[in-house]
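Look at the two complexes coming up: chain A is in both, with chain B in one and chain C in the other.
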Partner chain A sequence: MSSALKWPAAAILAVAGFFAPVLLGGSPAVYAALVLIAIFAVMSYGLDSIVSDLGEVSLAHTVFFALGAYVTALLSVRLEFNPLGTLAGTIVAALIAAGLLGLITLRLREFVFSLVTYAVAVVALTVASNWEFIGGSDGLRGIPAFEIGWLGFRAVGDVELWPVAFLLLLATLYLMRAFRRSRLGQAAIMVHLNPRLATMSGIDPQRTRVQVFLFSAPITAAAGWLYAYQRAYVSADLLETYFLILMLTAVVVIGRRLLLGPLIGVALILAQEKFWSFGGYVDRIILGSLLILVLAYLPGGLFGLVQTLAEARRRVAARSRSTSPHTTARKADA
Partner chain B sequence: MNLTQQLINGLVLGHAYALIAIGWTVLLGVARLVNFGHGQMYMLGAFMTWYLVSRLGLPYLVAIPVAMLAGVAVGYVMQRVMLRLTLAQDLVSIMIVTLGFGYVLHGAAGLVFGSTGQILETPLSTRDIYWGDLWFTWQDIAIVLVAIAFFAVLKYVIENTGVGRTARMVAEDPALSLLAGIDVKKVYLAVFAFEGAAVALAAALVAPRTPILTSMGFDEVIITFVVVVLGGIGSVTGSYVAGIVLGLFTAFFGALVSPAYATAAAFGVLIAVLVLRPGGLAVAPGGR
Partner chain C sequence: MSNQPLITRRTALLGAAAGVLASRTAFAQATSGPIRVGVIMPLSGGAGPQGQHVTQAIQSMAALINAKGGVMGRQIEILARDDESVPAVGVSRANELISAGVSVIIEGWNSPVTLAMQPVINRAGILDITAISKADPILSGEGNKLAIRLNSSNAQDGAVVANYIANIAKAKRVAFLTQNDAYGNGAQASIEAELKKLNYDYQKVSEEKFPFTQADFRVALTNVRGAKPDVTIAINANEGLGMPALIRQASQSRLPGQLVAAVGTIAPSVIKIAGDASEGLIGADIYFPDVEPFASNPRNKEFVAKTEEMFKYTPDKFMALGAGALEAWAQAADEVKSLDKEPVANRIRGGKFANTIFGEMQFEPNGQLKSQHYLFTVKSQKLVVDTAKG
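Here is the complex of A and B:
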């Protein structure tokens, strides 16, 4: 598609996306599911830039997600900050945490990097369940409704929260697209695919890694920010493996480095869990198996599979077109 | 605080940690592979043993090999599914796939064994030994003895036998091993089957010390990380020493500071070591 056509197409898609809950029947369950899809998609995009572009597996992104939710809860309950204030606090906290983690893991690669990020997640879970200041195992309750006084905006339920969730999703999509076209995004992919070439081109791999981390963490944390308002309470369960597996599956299931990939991935997974659930344990098996099967057998994700099938069909069609006149000609000869 | 008692606790805990980490040590040191589902495989081993002993009434000594066989099956299936990734040395995907396997195992175990905690009682864990004012169980003694024996045999096999040499060669250079006529796929499958058996054995021995839950794998795996990384990634002797050091550290930290934060503190040690020495504590990383 030419770039002149791309913007109107994106605008139409965005408008259609905004009315998606109405198009799907507009029931409260639909709104609830779509708000969650938007939030979890934003959460996944943060990880997407690390896994798909930088080529590392961060298992600490649940920590950024929980951090956003906890900071929001603390600032809104204890200091009565409004949502814009809590968002600013969330971003600052995420930048600090990502900077620290980035510095610690600066020289670590591949599985040692993942190992340390996983350990960070485990420790965060221990701390969140035991530290009384942030509510311990009970968590923090009584997060006020999403309300911005000077705008006259107040969201008490999922229906009113949908525009906020959708805006956050759009902003994230825009950021991801801008990131992939930016010098940093290009540098990240070069560090990922050819570290030597990157170094020779004057790119500092360690600096790039930290910068991508600083870009990625606030996105995932912003998802935690909105999730805190949506749930009205936060607790240590935000650090459970479910969110990690959800993010990872969403990032790889459709295909890596596709702008809408994680969004579609999250939508598929949540649609199954919300509308065709088989109970918690079986849903776990389904989600985990999906992750395994895609990585083990579909390196290009579902999108790659569709492409391969389309390619094969085209080839079969082309072959039958090129052979059919031949055979008729031979028949005529006979 | 009774110093000697904590010392005993630390030593038992240390041998337990070393035993739990043995499968990972071999995976990493011998085959350059990782398994983030290790904790859930430990959980499965514990529940298999519990089910065989308390539900089917099998003797403990029969239940252990059966649980180990189940571990072999799980390890084999895992490696069979991701063989393409292993041969391509795609560590990033392997990590995610093994994490996915852990998640599936957790779901399956919840489905079969339920979400309530259980106590795995063995003939050894219920027999206490009092020695002055010191206390431990026969289970603790079994853990220490089995860990020492397992490490000694493992070290011998890796260093002095054909099997060990083959596995080490595959780790060093899979492509060259293939040229030398080694069935690389078979070696990878065998190493993962071994990991499954080793972690099931560790679970059958160590799990009686604490209540078991289907959600416990998440915590177990971090100990393994710390042991393996501190021990100098893949070093057998290093893992044994690191396990004991970590056990002593956890016991004393739990007694002196806070048991709830013991794992977090162990992780703090790991971070400090990694920042100072990314290769771990061993003199030659990867050395045996």
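Here is the complex of A and C:
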């Protein structure tokens, strides 16, 4: 598609996306499902930049998600901040946490990096479950409805929250696209694929890693921000494996570095959970197995598999054309 | 309904408006035909078997109510959903049921799941009755100002266990094996608070905490064993997996002193899985199908017979609580001639209901059902009620 047509096409897609709940029947259940898909997709995009671009598997992104939710709960319940104030607080807290984590993991690679980030998630879960200041095991309750007084906007349920979730998703998609086209995004890929070449090209890999973390964490934390309003209750369960497996699977299942990959991945997972659920244990086995399958055998995800199959089909078709008697006969005629 | 969704911005977006219209349509559909009752329990995973039993008990109570004409002349239809013991999944299921136009949701096995669902159900203006979950904040009014709960509260349970420790076992060295969440920590805090109220002089010799999903307690039990307790209090709501495993491993590790299960955590299914290891286990509960005053209660006999007929299973306390929740709601809705949240909740909170499976059910003004506790000992894999405790 030419670049002149790209923006109108994107605008049409965005408008269609906004009216997706209406096109799907407009019931509150549809709104609830789409709000969740938008929130969890945003949560996954934060991780996507680490997994797909930096080439590391962070198991600590549930910490950023929970951090966004907890900061929102604390600021809205105890200090009566409005959603814009809690969003600002969320972003600041996420940047601080990401800076710290980025510095701790500066020199770590691959499985050691993953192990350390896992340890961070375990520590965070223990702290969240036991620290009374943030509600301990009871969590934080009484989060008010999403309300911006000067705009006259008040979202009591998912129907009213949809425009906010959709805007957050659009902003995230824009940021991810901009990131991948930016110098930082290019540097991240080079650090991922060839650290030596990156260094020789004047890129500081450690600085790049910290910068990517600083880009990634506020995105995942912003998802936690909106989730706190959507659920009106925040507790340590946000740090459980449910969210970690959800975002990891969503990032890899369709294919890495695909702009719509995590969004489609989350939609598929939630659709399976909603319409074809086999119960908690079996669903987790399915998700876990899918994750193993994709990581071990389908590095390009389902999109890569489709591409490979299509390519193989094209080759077979071309070969059969070149060897078929009809073609041979025509060649002979010629 | 008092909590109708609203958009105050004049320039409300078309999509949102269409959604509001759709939600009103769904509500309109719910005012004719059968009355939809939502049930959200864990139907899979560690607490799955117990959640299934509670759902079955609600279905058998619905059959009894329907056989007598239903509620306000309409039949009851049960819509059951699996929360998978995951708060996020519970919230999704609650949204599904709200969308399906249910008039009431009976929920709650795990406290964290209940606490997550409460605000969502409350904002939708649907009556929410918690059957089992015990955490104290459920009745705090923060998630739902019109909360109702049937299972005994942590405070009520704490008093019973504290009384056992101080006055019956006279134990001086007390250990805790506690599920590390809203329910477990609240239960332990209640027992300790009640012991303090009794001015009882004891020593907490060990405290081990574990997540809801844990099934291997050998390291924790080794620590507890080393502390030589007179009594070990096991607080574990994972009746399908964690509690039977804990009982078996406690027996294998030759834990000294008396093992006491927190109130309401020992269903017959737990004893079935734990087997001989449960011999001598002490517990307490608020309902036994075949012990007085329940055994001779005609309504309870009817409920037990119906459940056995439909599901080939004798109801336990959890099942009775689920069925009792539906029974109280049905009586209240019939009396106030409304399915709306507020009048029905106000009839239940602080109200009394005669001729129920619990005999007379009485709710406190904060929505908590008043309960009578009975201590029991497990003998030959049966619950043998020892002494009545108020």
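Assume the second predicted complex is superposed on the first by the 319 of 334 C-alpha atoms of A that agree within 3 Å, B and C clash if a C-alpha of one lies under 4 Å from a C-alpha of the other, contacts with A are read in each partner's own complex, and residues count from 1 in each chain.
Simple rule for what comes next: a residue touches a chain if its C-beta (ideal position, glycine included) is under 8 Å from a C-beta of that chain, and two chains touch if they have at least 3 such contacts.
Predicted model, so just to flag it, every value in this text is computed and none were measured.
Novice: Identify the partner contact of A:A145: answer first if only chain B is touched, second if only chain C is, both if each is, neither if none is.
Specialist: Touch status of A:A145: second partner only.
Novice: Just to be sure I read the superposition right, which of the two partners does A:G26 touch: chain B = first, chain C = second, or both, or neither?
Specialist: second
Novice: Applying the touch criterion given at the start, work out whether A:L287 contacts chain B, chain C, both or neither, answering first, second, both or neither.
Specialist: A:L287 contacts chain B only, not chain C.
Novice: May I ask you to decide whether A:Q206 touches chain B, chain C, both, or neither, giving the answer as first, second, both or neither?
Specialist: neither
Novice: Contact-wise, after the overlay, does A:A232 reach chain B, chain C, both or neither (first, second, both, neither)?
Specialist: Once the two structures are laid over each other on A, A:A232 reaches chain C alone.
Novice: Touching A:N194 in the superposition: chain B (first), chain C (second), both, neither?
Specialist: A:N194 contacts neither chain B nor chain C.
Novice: Could you look at A:N130 and tell me whether it touches chain B, chain C, both or neither (first, second, both, neither)?
Specialist: A:N130: touches chain B and chain C.
Novice: Between chain B (first) and chain C (second), which does A:S182 come into contact with in this model arrangement: first, second, both, or neither?
Specialist: The answer is neither, since A:S182 touches no partner chain.
Novice: Applying the touch criterion given at the start, work out whether A:T308 contacts chain B, chain C, both or neither, answering first, second, both or neither.
Specialist: After superposition on chain A, A:T308 lies in contact with neither partner.
Novice: Jot down the residues of chain A that show up as touching in both complexes, chain B in one and chain C in the other.
Specialist: In chain A, positions 130, 280-283 sit in both the chain B and chain C interfaces.
Novice: Help me check something: in the complex, which residues belonging to chain C touch chain A?
Specialist: 3, 5-10, 13-16, 18-23, 26, 42-45, 48, 82, 84-89, 91-92, 95-96, 98-100, 112, 115-116, 118-120, 123-124, 135-137, 140, 142-143, 180-182, 184-186
Novice: Please name which positions on chain A make contact with chain B in the complex.
Specialist: Checking each residue of chain A against chain B gives 51, 55-57, 59, 104, 107-108, 110-112, 114-116, 118-120, 122-123, 125-127, 130, 241, 244-245, 248-249, 252, 280-285, 287-289, 291-292, 295-297, 299.
Novice: Considering the complex alone, what residue numbers of chain A touch chain C?
Specialist: Spelled out, the residues of chain A in touch with chain C are 18-19, 21-22, 25-33, 36, 129-130, 136-139, 141-143, 145, 151-154, 156-160, 162-163, 231-233, 235-237, 240, 242-243, 270, 273-274, 277-283.
Novice: So in the complex, the part of chain B that touches chain A is made up of which residues?
Specialist: Touch residues, chain B against chain A: 34, 36, 81-82, 84-85, 91-93, 95-97, 99-104, 106-108, 110-111, 218-219, 221-222, 225-226, 229, 233, 260-261, 263-264, 267, 270-271, 274-275, 278.
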